[in-house]
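Look for chain A in each of the two complexes below; its partner is chain B in the first and chain C in the second.
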Partner chain A sequence: MTKEDVLIQIQDIFKLVLKKVDVALTEHSTFGDVAGWDSLNHMIIMSEIEKHFKIKFNFREVLKLKNIGDVCNAVLAKIE
Partner chain B sequence: MKEIKNKDIVYDVLKVLLTHPQNNAFFIEDQAYTYGELGNQIGAIQDCLVRLPDTVIGIMAENNIQTYSSILAVLMSGKTYVILHPSYPEDRNLRIAKLAGLQHVLCLSTLEQNRLGDNSIRFIAIESLPPLSIEKLKYQVDGAANAYLIFTSGSTGEPKGVPISRNNLNAFYDAYGKLGWKLSEKDRMLQMFELTFDVSVVSLLYPLTLGACVYTVGYKEVKYLKVFELLESYEITFAAVTPSLLQLMSPYFEEIQLPSLKYLIVTAEASHKELLERFRDSAPNAEFVNLYGPSEATIYCTYYRIPSQNCKHYNGMIAIGKPFDGMEIMIVDEDGNSLPTDQMGELWVSGPQVMNGYLNDPKKSALALIQAVDGKTYYKTGDLCIQNADGDLIYCGRKDSQVKIQGFRIELGEIEYTAKHFLSNAHNVVVLPTTREGICSELHLVIEAETFDSVGLLQFLSKKLPKYMLPKQVHSIPQFPVNTSNKIDRKRIAQLISIKND
Partner chain C sequence: MLFLSLNFWILFCLCFIAYYALKAKYQNALLLFVSCIFIGYYQLSFLITAVIISLFTYFWAQLIEKTSNEKRTNILYIGGLLLLVLIWIAFRNATTTEGIVQTLFPFLKTNAAVQSIVFPLGISFYTFQAIGYLTDVYWKEQEAERNPVNFLLFMLFFMKFLSGPIERAGDLLVRLKEDKPFRYQSIVYGMKLIFLGLFKKLVIANRIEPHTDLMFGSIHQLSGLQLLMTCLIYPIELYADFSGYTDIAIGGARMFGIQLSPNFNRPFSARTTTEFWRRWHMSLSFWVRDYLYVPLTAFTRGWGKWGIYSSLILTFVVLGVWHGVGWSFAIYGLIQGLLICWEVKFSFFRKNLKKVVGEFGANALLILRTYLLFALSLIFFRMGSISDAFYYLRNISFTVHDSWKEMNIGITDHYCLVIGLSLLALFIFEYFNAKRDLLEALEQQPAWVRWSIYYLLIFALFSMGSFEAESFIYLQF
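Moving on to the complex of A and B:
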């Protein structure tokens, strides 16, 4: 799976959780860039990402995820 | 600088600004600011403010040194501050500005929201003011003048203004200091609350009276992650947090180690003993303290040092302990008669921390403030408590969380407690009543979980609770929404599960 594939799948999770069709993520998207991406939804999104890719992030890994690019890289590292 | 003899929080901050210019005052978004730098910002803003005839000044709350300097400059100029929030709808900010009679708002020139309504309110861009020393600042204020106005949500939808005078604030400061904190200029203290919420006042000002450093959390960050990142990375020694924030972090408790934390304050909502018990191992050297208080009685007015064992509680909700020095309490029945020890009633508080009345609202003030038979004015908190034989107040829930169904009095907290027990305290639970024509008709149980054994839960509840207390429906949502004060937002939960009241 490429980074682009992961990004598209994460984008679909965002659309599902935020109940929006027009979510356009880039690697540089950060918390606050996307309407509706608040603390509560962040928790839900992270949990959905873990379920979707069948992975688990620990606390220190979660702290390092500063933008969507970081999330994609972390997912890739876990599923490889 | 003229000496002020009575306890005065602003004067004490001013003294530190002059005597500890090299100390770090703030740590904001990975950047430290010294008391010297803070003082120069305050000097510039204060110089601008003293030229204005306004007594009340608005501040657009951002997480930056200019915002914090603005709060201090308003206080040092003897004026009153009101916080507006950039993430609030313009309409709400405008209503607050009108209620407070604002003419000027301090803000950053880069803020997008630098207009309100018809442009009759002027915005002052703080960065445009050249730094100025505070050495010649003349601080002398009237104790009856207001320090700040806090707006709380009113049941009618119109924000309610709570004016807190300098006398209120300093009575609080005096009593808070007497709690015996072992803190000094070397401490690193957390400020995670929205500035629209009054707990931010003490989280911000108290460290500055010590010469300590305040570590802030912006509203644009994932709050619970940022808080724990700061606690761990910067070895924070004092942190006041909401129980909801701890609950969000609870999946990671086993990975968190905070040996430097000396004090953990839980505040703003009921704290559950099991949650704190699970957090003990993460903060092995910290004293846990529950601080309680309505905004109307200035931030906090009771305290309970939470023991690691045999913590006093009611349905799992930790006791709120004893009143602050100078404050008096009464537990009363529905007719306002004082109740004896161990009987549950509404908590009334009296003393120098209690406000004089809501802003321009004598009707609401008359409903909230009452002269008791002892001749003293009490604020009716709306909270249910028991005072035990040791004098400790045990919090039992909100008065309005007590409902009647078919004549039976039901405390929603009791159902929540029982459900949590079945779920091994792994999930948050709320019970929401629905009303028909103003009468409570049925109860909905909402679990913060993706999956759980709903059949088993209902069977368990039916064994533990009388029939009239059993919820009609059980719902689950993966994560409970919290409001800007980080409290569980029951109204939004009701919307999410589509409960309709008529």
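Moving on to the complex of A and C:
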């Protein structure tokens, strides 16, 4: 699976959790870039990503994810 | 030595002159020396407590950083954290400590010693700053500071020592290391902020404070209308007092070329309680978000929305208890947490409201609702006892003892007008200032315009301000 594949799947998860169809993510997207993505639903999104890719981040890993690029890299590292 | 005392301004001016006369490498040492005078002037024990906690944090962070064994790092971090929290709780709750010590060790003569404990000024602010710093070093987001002068100044800097803003090492420590040459524009900007802070404090907060103090001190004698009006005006007083203090702190620091974090961003324009806490006492609410709420939600992320709800409630209870140990502060925080949970769960209410009354009408109603809920929750914050707070809430009504004049809660008609117009001017200023920095824009105007405005405002400050109360509400925290 490539980074772009992961990004597209994460984008679908964002659309599902945020209940929006017009979510466009890039590797550099972070809080504030995506309308509706805030501290109130960040961990719900992380949990959905874990369920979707059947992976589990540890506590330190999940706190270190600062942007979508970090999330993609962390997912790729877990599934490879 | 409070911000409104002559002693403080003499010290500030002497420090300012010496600061820019000295070579850059001695500037931080001078600020640290003046900070020690500032803190020690209150009571030497305040300075000793602050220095001990700061030095402990300084060395402990280096120890955490040096340790390569993960298990040992965890133990060091949790040990350091517990020690800082226990010290803070012990000081915060000195009378209960006395009770606990006497119960456990009745033969010990600890009474006099424990009774003599005075709550050190600023400890809640610098302890939270120390916890944040240790956590950043533990999370490897921040390198442990090696320069003791810079670190002690980060902890003890006199412009933010008493009531914040609670700073992050990634912000303030970095700025302290930068060169701070004499910049006329920055100094003038700082002076304008100080003036704005003085205006909020002297003309608005100090004019309201004696009346609300009297009302809150005699709630059983008040009519329903007086209780209502006191409840409605208290958030204004608290805002003018605390944001006034913050403006002076940020302005004063700016005169030394140091930028502190913002603490308020037009909180009464918030349409939800969630938004309100992103605009009110921002350095504290962002602190609890990053160091408590986010780790809690990380732990409970498998619980779905219930993880968010439980983390929100626990976070806001801690935010409430930060103000003081006691059930009333815990309930104050709990109310904020429950309101935000409600807003997360029933966000469709707001969307439907917009469809029914239009965007403008919905925004106005939501702003009003947010203000009223905050005002009601502040009853627990202000009253201290739960029974008094519930009595207060039960008896709010439109009933009067004698006449409708009771609604001015003892403020004369003249000062009702002064406070009302000042508040209106402040809100208009803040509204336009959010779109464009008006203090900077003023600098672009011709000298006669600028000085006309300065003289007018100075005249307003001296003719309408009340110089009787020197203290600030948040000093008790």
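What we mean here is this: the second predicted complex is superposed on the first by the 80 of 80 C-alpha atoms of A that agree within 3 Å, B and C clash if a C-alpha of one lies under 4 Å from a C-alpha of the other, contacts with A are read in each partner's own complex, and residues count from 1 in each chain.
The working rule: contacts are C-beta pairs under 8 Å (C-beta built on N, C-alpha and C of every residue); 3 or more make two chains touch, one makes a residue touch a chain.
If you're wondering where the values come from, they're calculated on a predicted model, not measured in any experiment.
Of the two partner chains, chain B and chain C are each touched by A:F59.
Of the two partner chains placed by superposition, chain B and chain C are both touched by A:S47. In the superposition on chain A, contact of A:A24 is made with neither chain B nor chain C.
Comparing which residues of chain A touch chain B with which touch chain C, the overlap comprises 39-44, 47, 59-60, 62-63. By the touch criterion given at the top, residues 139, 274, 289, 293-295, 297-302, 304-305, 307-308, 312, 340, 344 of chain C touch chain A in their complex. Across the interface of their complex, chain B is touched by residues 31-32, 39-44, 47, 58-60, 62-63 of chain A.
The part of chain A that touches chain C in the complex is made up of residues 39-44, 46-47, 50, 59-60, 62-64.
On chain B, the positions that touch chain A within their shared complex are 220-225, 228-229, 248, 252, 255-256, 450, 478-482.
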